[in-house]
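Here chain A shows up in two complexes: once beside chain B, once beside chain C.
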Partner chain A sequence: MRNYLKQIGTILWKDLLVEFRTRERLITMGAFVVLVAILFNYATDWVRVSPEDIASGLVWMTIMFAGLLGVGRTFHLEAEDGAFQGILLSPVPKDAIFLAKALANFVFLYIVALLVVAVFMFFFGLEVSRNFGMLAIVIGLGVLAFVALGTLFTAVSTGTRMGDTLLPVLIFPLLAPVVIYGTGATSQFLAGRPLTEAEGSIKMLAAIALMAFFLGSLLFRFVVED
Partner chain B sequence: MSVPVYREADEKAPPVLQAQGLVREYGSVIAVDEIDLSLARGEFLTIFGPNGAGKTSLLALLAGALRPSRGQVWLRGEPLDFGEVEWRRRIGVLSHQGFLYGHLSAEENLRFYGQLFGLSDVDNVVRDKLQHLGLQERATSLVRDLSHGMRQRLALARTLLHDPDIVLLDEPYTGLDPSAALVLQGVLSDLRDGRRTVVMVTHNLSEGVALATSVAIMNRGRFVWQGKRAELEGDFGQFYHTVIEGHG
Partner chain C sequence: MSSKKILLAGTVLAMIGLVWLGAVYWMSFFWVSTEVTQGIAQRIMYVHVPAAWTSFLAFGLAALFSAVYLWLRDERLDRAAVSAAEGGMVFATIMLITGPLWGKIAWGTYWTWEPRLTLTLLLWFIFLGYFLVRSSTENPERGKRHAAVVAIIGALDIPFIHLSVIWFRSLHPEPVVIKAEGPTLPGDMLTTLLMSFGAFTVLFLGLFLLRYSFENLRSELDTRSRHASV
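Coming up: the complex of A and B.
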């Protein structure tokens, strides 16, 4: 078990180090998030619509699209010089590889998701300080579910001729429950409602995240083995 | 520094690497067609053949990178089990690609693979390997800044890092200048220490034959000639072309 966790840690650390040096994904996702928030700000008629009514939906859709940009490139750097094949030929269980890649994606996307909240607070004047802790947990659970599904289906789409084009088609139908429960809980917190009213949505998000990681770990080897 | 000792393969030892009826199909194309082989400890098999003969696919099958469509590979009498990973510790693979990360340094790349293979003394092993391959002065250079020859040497260091007893080499001489080829030749000669079983695919006829204990010529997915190096007489280049033309 210790060796298993060490192997996950090794791949996770390598992914973080490579991203820290290239900043390829974080910069792309960060720039996307800021630009989307600016566009939404100008595209919304604030006389007719109040920010609280639409903010949770916009926050979650921005996280989903930014996530697609980042998660879609999970295996691009690995493809350079066939490095992913090198990992597959090492004595690391395929589920450990999946967990490491998904956790690395979680770190990147969670940073971006918090940036999304900050940017929307700035442009939409949202007040989240009272429930920020719970909001961070809800977003964390949604991001966990997203990266588990995203990592698995990116591995599927990377091996096809359609590549990145195929990824949204595969993943969006499966993300519907994440968006539904994520926006549900976020709306409650943005409206200043108590935790008990969002409890059901949080439990559902946790269950989806758990199931996505379990299925991803189980199915990843069938996707990457030739 | 110890002088490598070249020992002939132990013919009576049980086979280390075996394949029987190995077939790999890609749709309607048969890349590897009913290949049988049996290699003992210390044996060095060099496989020659024209482009598209199926050499790389065969090596990928032996490495466990590809599943065979039919047939079976055994390591020390045990069939390859794709659900297990422990047997991967015994194989080192040098492919067309180096499996290296351009944004990590030479040292970081080796340490990464050393940790994946669970080496106990990674730092010392990495230092030794870099020194052995003459890369110690470029240890902290990013791989993307290294020349092709240096990358190839680093890839070889990665292949041998975990001291595998089965080494699979795919076109190790590709793109190397004469001095880099000479360094590689020295390292490959060291592999003939009687401990390892080596399979090498190459277009380099003279170097390939010089290193081999056994030679196979492959065409259209099959071994069209297979024998001991000692059986080869005269000009191997001419012999090779005669065999290929005879099975064209």
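Coming up: the complex of A and C.
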């Protein structure tokens, strides 16, 4: 067990180190988030709608699209010089590779997701301070579900001729529940409603994230077999 | 069962299904009584509801065959999975076309975010992904494995999608009241509907077996041409 965690830790640390040295994905996703918010500003008639009304939907859609950009690059670094074959040939179990890759994606996307909230606070005067802790938990659970499905299906789509273009077709239908419960809970928090109202949504998000991680680590071995 | 027998069984079942379907059409146009409030548009039900059932059956079979394929790695299971998935796509498309036509007249709108509607549309896209993965992967063996993973996750996600879309709707009640049919259905309507369920199921099984034996022939052709080129 300790060995298993060490293996996950090693791959995770490698991915984090590479990313924090090159900062490729974080910069791209971060820039995307800010630019999207600028475009949203011009795409919305702020006289007729107030930020609170549509913010939760916009926040979640921004996270989803930024996430696509991020997880789509999961295996690119290794694909370039055949390094992924090396990882697959190493005695590390396949589910440990999956968990490490998904957790690395989680770290990047969670940073970006919090940036999304900050950007909406800054640009549109969104009031989040009342329930910020709970909001961070809800977004964290949604991001967990996203990276589990995203990492698994990125491994699928990188093997096809279509590459990353296929990724949204594969994961968006599966992510519908995450968006529904995520926006539901988020809009309740933004409206300052009591926590008990969002309890059902949070439990469902946790169940989806758990299920996605379980299935991902179970099925990843079939995806990277060759 | 030899491939010839499968082909024969498929042909016979598909024929029975087609004749049966003809009888269902006759019943739904000339025999069954017209529903009072919706008028003749309600007759769409005899196509729509059985198509829905058949597509769920087909997608369920596709996911089941996919799971066993990953386990046993028998090529025949993959052929069965793709045959079932294709049947599912056909019947889901029928359901998605007839649904809005009926909805426009019964509810006054083509589309409503009704849970079952949404679920089916998402399911249609999941299996679209299944076929895209299969056809765009260069190594066919890998394509089969990847597609199987898509089918399994898609099938297991159904409960979550179903729960979430119901939950979503309860937050935003629809202005139109969806007519609850169910056990209150009059006798002749129930007979026609059950006949239609039978026709669709038999037709699907026939088409499935035909498609499966077609897939067998194609792989045999592949093997032979590979031998010939060597």
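Keep this in mind: the second predicted complex is superposed on the first by the 226 of 226 C-alpha atoms of A that agree within 3 Å, B and C clash if a C-alpha of one lies under 4 Å from a C-alpha of the other, contacts with A are read in each partner's own complex, and residues count from 1 in each chain.
The working rule: a contact is a pair of C-beta atoms (placed from the backbone, for glycine too) under 8 Å apart; a residue touches a chain by one contact, two chains touch by 3 or more.
Computed from a predicted model, the values in this text were never measured in an experiment.
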Quiz item: Clash or fit: how do chain B and chain C relate after the overlay on chain A?
Solution: fit
Self-check item: Following superposition on chain A: angle at chain A, chain B versus chain C, Cα, nearest 10°
Solution: 90
Quiz prompt | First (chain B), second (chain C), both or neither touched by A:83 | solution = first
Practice problem: Determine, under the contact definition given at the top, whether A:208 touches first (chain B), second (chain C), both, or neither. | Solution: second
Quiz item: If you stack the two complexes on chain A, which partner ends up touching A:152: first (chain B), second (chain C), both, or neither?
Solution: second
Quiz item: Can A:226 be said to touch chain B (first), chain C (second), both, or neither?
Solution: both
Quiz item: So, A:2: does it touch chain B (first), chain C (second), both, or neither?
Solution: neither
Self-check item: First, second, both or neither for A:17, with chain B first and chain C second
Solution: first
Quiz item: Where does A:48 make contact in the superposed view: on chain B (first), on chain C (second), on both, or on neither?
Solution: neither
Quiz item: Tell me, in angstrom, the smallest C-alpha to C-alpha distance between chain B and chain C in the overlaid model?
Solution: 5
Quiz item: Same chain A residues contacting chain B and chain C, which ones?
Solution: 225-226
Quiz item: Which of the residues in chain C end up touching chain A in this complex?
Solution: 70, 118, 122-123, 125-126, 128-129, 132-133, 136-139, 141-143, 145-146, 148-150, 152-154, 156-157, 160-161, 163-165, 167-168, 171
Quiz item: In the complex of these two chains, what residues of chain A are touching chain B?
Solution: 3, 6-7, 10-11, 14, 17-18, 21-22, 77, 80-83, 85-93, 225-226
Exercise. Report the residues of chain B in contact with chain A in the complex, numbered from low to high.
Key: 60, 63-67, 82, 85-89, 91, 93, 95-104, 108, 112-113, 115-118, 143, 158
Self-check item: Residues of chain A that touch chain C when the two form their complex
Solution: 149, 152-153, 156-157, 159-162, 166, 169-170, 172-174, 176-177, 180-181, 184, 200, 204, 207-208, 211, 215, 219, 222-223, 225-226
